[in-house]
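In the two complexes that follow, chain A is the common piece, with chain B as its partner first and chain C second.
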Partner chain A sequence: MNLEHRTLDGIDIVKLPERLMMADASTARAAVKEIIGLGTGKLILDLADTTFIDSSGLAVLVSSLQAARKKDGDVYLIHMGNTVRALCELTRLHTVFQIFDDEAAALRALK
Partner chain B sequence: MKALVIDDAPDIRIYVRSLLEKWGYEAIDASEGLEGLARIRDSGIPIVVCDWEMPGMSGPDFCRAIRKAEMGHYVYVILLTGRSEKADLVEGLNAGADDFLSKPLDAQVLNARVRVAKRIVHLEQRLAEQNRQLQSSRNKLQQAYDQIQSDLTAAARIQRQMLPTSDRVLLPLRAEWLFLPAAQVSGDSFNFFELTPDRIGFYHLDVSGHGIPAALLSASLNRSLVPGGGPGVAAQADFLDPAMFLTDLNRQLSDADTEVENFATVVYGTLDKRTGEGEIALAGHPLPIIHRRHGEIEYLKPGGLPVGMFPEVAYDSQQFRLDAGERLILYSDGVTECQDAGGEAFGDTQLQAVATTDTPASSQSFTDRLADSLREWRGSSDFEDDISVLVLERQAEAGPES
Partner chain C sequence: MAHAGTHLILDSNPAEVPHLQARLSTLCGEAGLDDLAGFQLTCAVVEAVNNCIEHTFRGETGHQITLRWIRQQDSVSVEIRDQGEPMPALPAESPELPEPDAESGRGWHIIYQWTDRVTYARQGNENVLTLTRRL
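Presenting the complex of A and B:
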């Protein structure tokens, strides 16, 4: 899966796909993992396009966070839509992720 | 390579046959079409040089017969003819001839035409061999697939056997449940059991993902969540303390060094059969509902993260109480997230509506009505996610309802 990805001052900004479920989730997982492996561990995941997410999709977010923290980094989530937000709140995951409205706010916090 | 000459004229038959033998073919001859067909059938001959004009079966007749017959291989037919009219050629081709050779015979041209035939027969044989190999791998795949299907069916059967079969252990409490797995094997599970003579334990869980990995985690959790279910967390955990129980379970399942693939949302609680006093802890699960006696719906408070993600997570217990005629509803997100054809979710509101339309007079149970509503909403019985519900009820006191 080719995810839209750019790097700004050592911070990887990755746009997640529209569907983050089942098979799509495992390809996205591999792609994000590779980016974290090559980068500094500071990561912004952009969820602007992500409208379909299930528990496999949540596992992608959590495994990214684990991988980033191993490099003393962190994962910030931006542009979270209502569906993703609802699932994050249901599973209480909003308590472990830093969530920001937009990239500028996330960048300020990560720097 | 074998080749057959069919001609009613002995001189031509023998001439062509001897040419073919000279060029290295294993040549056979026949004086008429039917005999030719029998020869081809007997010895699998792929190349035929056949005269057009013959008493009985003509060359085109022979071609038609060959194309109709199941020889098990391709037969390349060259028709010998003195005809050169376009209509004749068309008739020959339509009958199934592959090539023509005009009389009087030119040995060099015949040699070239038979070489073409040989080339095409080789191609056909290679193709047939490839098809056989494809068919053989396809059969192996089919066998493997059948094996997987039958294993999955067995797994699903074992999984169903882990679900409760009766709520007798709860008496005087009652339970009802609903289990509609999306795939053959499911990530949802639930159960209840006696902890002390007065107190029962219960759980409802939903493992992330689907299929085999989810089912395996679900099965292992089922063992951990039932007293005496197996070694590990169940042996030492305090089943009477839901928060501590989930904290231990989570520590057992989470490993900071392995990547999170599957996790589970869990509700674990205990309930006093006599007093209706309960204690419950939640791990990322949809909020349980208490359906009060007079129809009000109450949600329990949110709990902690799902189990199996981060090792150091603390869980809290909360108290609740069921009065007579009240019930606790535990459900997986497959219920509320069940989508209709337009992609709209069933949602909390409809779940509440189905719960509250219940009356003591209603003969259909809540879970049956919920199953009907979900199928109607979905427009089919094929659900995208596992659907499961466990309801624990403290029965209304005997006598007239107030």
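Presenting the complex of A and C:
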């Protein structure tokens, strides 16, 4: 799985795929953890293209957060659609992640 | 994944589940479920199939899972059949969520919260799990 990744002012920004499901979860988890390991620990996950996540995909988000916080960083989520947001609210992940409508707001908060 | 009419047949392979998800989304739309309700039912079914692959077949590919889409006047049901090990009894009600930072344990909560009825029966050598959502 190739994740679109760029870095801005020490903050890694990763665009997640259209679907984040069990089939690709372990690959995505490893890719994001590698980015966190090589970076500052400050990460923005962009869900603009993401229309479906299952519980394995949620686990990727959680493991990313744990890896980032080990480096005193954090993971912010942006561009979350209504359906994925409903899943995050059902599973209470919205209580552990900061969620922003756009990248600029997330960048300001992470700096 | 093969499908004939309202039967969907897939292998116990995680790589097949995204195709199932796409097909279910279409079926939900055709049944008149709005985007959110369709997403919720699809999510519940995907979690059930993931459980089947991960637990019933212990991650082993090469086993058939059959889904039947049943449209009724006021509901939609998805019947999931497999010939794996019998499932443990269903929880009586929606299981508690794990802590928000836990990496697993959300599947049954999603299934219960986003469907209106969950039933399980062992019929011969088959597990039959049925998820129903009111329209």
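Keep in mind that, in the parts below, the second predicted complex is superposed on the first by the 111 of 111 C-alpha atoms of A that agree within 3 Å, B and C clash if a C-alpha of one lies under 4 Å from a C-alpha of the other, contacts with A are read in each partner's own complex, and residues count from 1 in each chain.
Throughout what follows, a contact is a pair of C-beta atoms (placed from the backbone, for glycine too) under 8 Å apart; a residue touches a chain by one contact, two chains touch by 3 or more.
Predicted, not measured: the structure shown is a model, and the values here were computed from it.
Asks: Is the arrangement of chain B and chain C around the shared chain A a clash or a fit after superposition?
Replies: Partners clash after overlay.
Asks: Considering only touches as defined above, state whether A:Ala67 meets chain B (first), chain C (second), both or neither.
Replies: It touches chain B, and chain C stays clear.
Asks: Determine, for the superposed model, which of the two partners chain B and chain C contacts more residues of chain A.
Replies: So, of the two partners, C touches more residues of chain A.
Asks: Looking at the overlay, does A:Asn82 come into contact with chain B only (first), chain C only (second), both, or neither?
Replies: A:Asn82: touches chain C, not chain B.
Asks: Go through the superposed model and pick first if A:Asp54 touches only chain B, second if only chain C, both, or neither.
Replies: both
Asks: Determine, under the contact definition given at the top, whether A:Thr91 touches first (chain B), second (chain C), both, or neither.
Replies: both
Asks: Examine A:Ala23 and indicate which partner it touches, taking first as chain B and second as chain C; both and neither are also allowed.
Replies: second
Asks: Would you mind listing the overlap between the chain B footprint and the chain C footprint on chain A?
Replies: Residues common to the chain A contacts of chain C and of chain B are 22, 54-56, 58-59, 62-63, 66, 90-93, 95-96, listed in rising order.
Asks: Name, in rising order, each residue of chain A that touches chain C in their complex.
Replies: That would be residues 19, 21-23, 52, 54-56, 58-59, 62-63, 65-66, 82-83, 86-87, 90-93, 95-96 of chain A.
Asks: So in the complex, the part of chain B that touches chain A is made up of which residues?
Replies: The contact residues of chain B facing chain A are 206, 208-210, 256, 259-263, 265, 284, 286, 302-306, 309-310, 333, 385.
Asks: Quick check on the complex: what are the chain C residues that touch chain A?
Replies: 14-15, 17-18, 21, 25, 35-36, 39-40, 42-43, 46-47, 50, 53-54, 97, 100-104, 106-107, 109-110, 113-114
Asks: If we count contacts the way the header does, which residues on chain A are in touch with chain B in the complex?
Replies: 22, 33, 54-56, 58-59, 62-63, 66-67, 89-93, 95-96
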